[in-house]
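Okay, so chain A shows up in both of these, paired with chain B first and chain C after.
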Partner chain A sequence: MRLGIISILLAGILALIPCLPATAQDSGNITITMTGAKDFSINLTPANWSFGTVSPNTEYKTDLTQFTLTVNPTSTCAVNTYITGEDAVWADDPSGYSWTLSSSEQNDVGMYALWFKVDGEESYIPISKTEIQFHSTTLGPGDSKQFGLKLLTPQPDFTEGATVYFSVGSAIVQTHITISAVAA
Partner chain B sequence: MKIRVITILLAIILVAIAYLPVMAEDNSGQSTITMNTESVMGISLSQAEWRVEGEKDVSVNATYETDLPASWCTITNTGNTNVTIFIKGDDAKWVNDPSKKWTLSGTGDNGKNIYALWYHIKGDTADSYTLVSKDLTSMKWTRDAERLNLAKHADTQQFGLKLLTPTQFIGGRTMEANITISAVAA
Partner chain C sequence: MVQQSKYLFWLAAVLLIAVVLFPAMVQAQSFSVSPVEVEIDNLSPGEVTQFNLTIYNKEDVNHVFALTTYNPGESERREGRAEFPDNSWISFSPQSVEVGANSEARTEVTVTVPPNQKWAGKDWEIWLRVAPEEREFLVVNYYIRLLVSTGEEVEAGTNMGLVIGIPVGILLVACVVYYFHFRRKARHLIF
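Here is the complex of A and B:
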């Protein structure tokens, strides 16, 4: 009787075991799994832009289509974008004269402010040395955004007669804006 | 008979997880922004007069230095243009009759009614002096022959003067000479 019960249980267990590979099957499946890399690149144009000759404590704006950020169409993913700025330095002697990039949208002696505005957006956003989001939504392959800059030059270093000046004359003061992208 | 059935089901499930880390690849673009500044040129001098020996008379063939040999006069860039400083001397003229002169030496040697004048820039090689002539000449450091420049607003340089009186002159005459310090855009 006990032997009979054991036999029945064993038969049941065997029935529950998934089918073992058929010894004479005529086809088979191989599942291949791959994850595509997230490759992308962005392009910012133009690489150089000049505001021309600027006066102290004065605001200047570029056209809102002056700069274009494009996500390369061959990219394989959407990206989040960020923008950052730098102090501006005298091209001939970077350590000799510079303007600090304001973090408060206020200018001062030796301190300038910079903003950007994406074409179609409502307001200018201050650029600082701390990275901030450039565009609120992700940008996909082939997407592009045009934007402009607004510059507020520093307050004057000195006054000669009734005219205000910076400490270096006929000088090129240079800065960079950097837009970086991270895969979304 | 005690039959002992031991069933060992070893199910090894290999889960091949394609664990490819999603590398958030950075990429960036940069634009260089330039701004040009307006210029204005100007310098100022802290001294307008040197009374050699004060109210006393000078002797023949004697050397006199400004009371601060290297920092008697300060040149200040009151504009914002990078300027090179030039200097020009002149004959010393009797104030009562400018036709009576002490000629400014072009060699550094004095003589009868010939005097010599030099400058020394603060920070230059010790005891180094450069002759002042009647030609407009850029002031230079003797240490490296570089021109004296004031690159931007409020930049300063200091100098002192040394004078060698003639070996022979008519005493009692007050002689006056002008030296000109000028700035030229570098």
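Here is the complex of A and C:
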């Protein structure tokens, strides 16, 4: 009888041994540091813009002060900024008609090109679907940059005599330009 | 007749098209995120860790924000940080967050590194992107820098089958021993 009880007790102790390392694994020493001292936000104005009615294979420019990016003055760190564009689609039927954003600054049938220029800088920089720096240096709290856009519309979808056409008329084609920010 | 109408329609179709609409002097969606940088140290391969991100919606209407990962180029990463090996090691719960007007909402970020010695002692960087789902012409996105350093040791991970199987096996052996001990005792009593 006594041997039986001892056997069960021993079995119980032995049974607990493999569980101990499993429990110990939960007590790792991982450090997570959340940088609460850093905080930022940016503002873009205006949020919307229209180039109005446009013709094929034509260049359009906004004023260089048309858009403003501002790092919120209450931010506590400088930021790096990036810009990217995307294909333009027919607002009524995005899958029905679209213009691809050029990656070579050249337009084509169904392909348009976009550039931006920060006021005071030398040249227009092409916007593509790959993110590039919006401003070469970091922007601090309260910093503000005005910029303009240049659009080169696609070549005509078809031509009748001397007149060139897009295959959808009086349609609204829309796109988005994304400006991203990260703590410097 | 149909062909003719179609032809007339295309002929009548204006060569002009409008790009981007509704000019308005309003700013792109106003929101912010916190923290803007997270550093995880000594995360051993095989371990899992979690932290929360908070999104603040500063507008008078509800907005939905999507969370994704992004691998920055070498020149954008902190010095000494390598590219994060696999974006699937990071998950968000929820991945799409609705934030009420002028309020905030949290999402939980889970970072898992597989139990493999080759991931020990590494310093990586990846960015977490917060983007509004409803977008205007100009869109603001924010990135959160996530810096992950792994420990030198590899956690084997808990093999639940082994943890349960060993005690059960030992108990069975104990029961068999106990049974035969009683049987022998009972035989002693009979004879």
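What we mean here is this: the second predicted complex is superposed on the first by the 148 of 184 C-alpha atoms of A that agree within 3 Å, B and C clash if a C-alpha of one lies under 4 Å from a C-alpha of the other, contacts with A are read in each partner's own complex, and residues count from 1 in each chain.
We adopt the following convention: contacts are C-beta pairs under 8 Å (C-beta built on N, C-alpha and C of every residue); 3 or more make two chains touch, one makes a residue touch a chain.
Just so we're clear, the structure is a prediction, and the values are computed from it rather than from any experiment.
Q: For A:I30 in the superposed arrangement: first (chain B), second (chain C), both or neither?
A: Second partner only.
Q: Under the stated touch criterion, which partner chain does A:G96 make contact with: chain B (first), chain C (second), both, or neither?
A: So A:G96 only meets chain B here.
Q: Please indicate which partner A:I132 is in contact with in the superposed arrangement: first for chain B, second for chain C, both, or neither.
A: neither
Q: Per the contact definition in the header, classify A:L44: touching chain B only (first), chain C only (second), both, or neither.
A: Both partners.
Q: Touch check for A:P156: first (chain B), second (chain C), both, or neither?
A: In the superposed model, A:P156 contacts chain C only, not chain B.
Q: Could you tell me which stretches of chain A are touched by chain B in one complex and by chain C in the other?
A: 3, 10, 33-35, 38-55, 67, 88, 91, 151, 153, 158, 160, 163, 165-183
Q: Along chain A, where are the residues that touch chain B in the complex?
A: Those in contact with chain B are residues 3, 6, 10, 13, 17, 33-35, 37-55, 67, 69, 79, 88, 91, 93, 96-97, 114, 149, 151, 153, 157-158, 160, 163, 165-183.
Q: Applying the document's contact rule, which stretches of chain C touch chain A when the two form their complex?
A: Interface residues on the chain C side: 10-32, 34-44, 47, 49, 51, 72, 76, 127, 129, 131, 135-145, 151, 155, 157-158, 162-163, 166-167, 170-171, 173-174, 177-178, 181-182, 185.
Q: Can you name the residues of chain B that touch chain A in the complex?
A: That would be residues 1, 3, 5, 7, 9, 16, 18, 20, 22-42, 78-82, 151-154, 185 of chain B.
Q: Would you tell me which residues of chain A are touching chain C in their complex?
A: Residues of chain A touching chain C: 1, 3-4, 7-8, 10-12, 14-16, 18-19, 22, 25, 28-36, 38-56, 67, 72, 77, 80, 88, 91, 151, 153, 156, 158, 160, 163-183.
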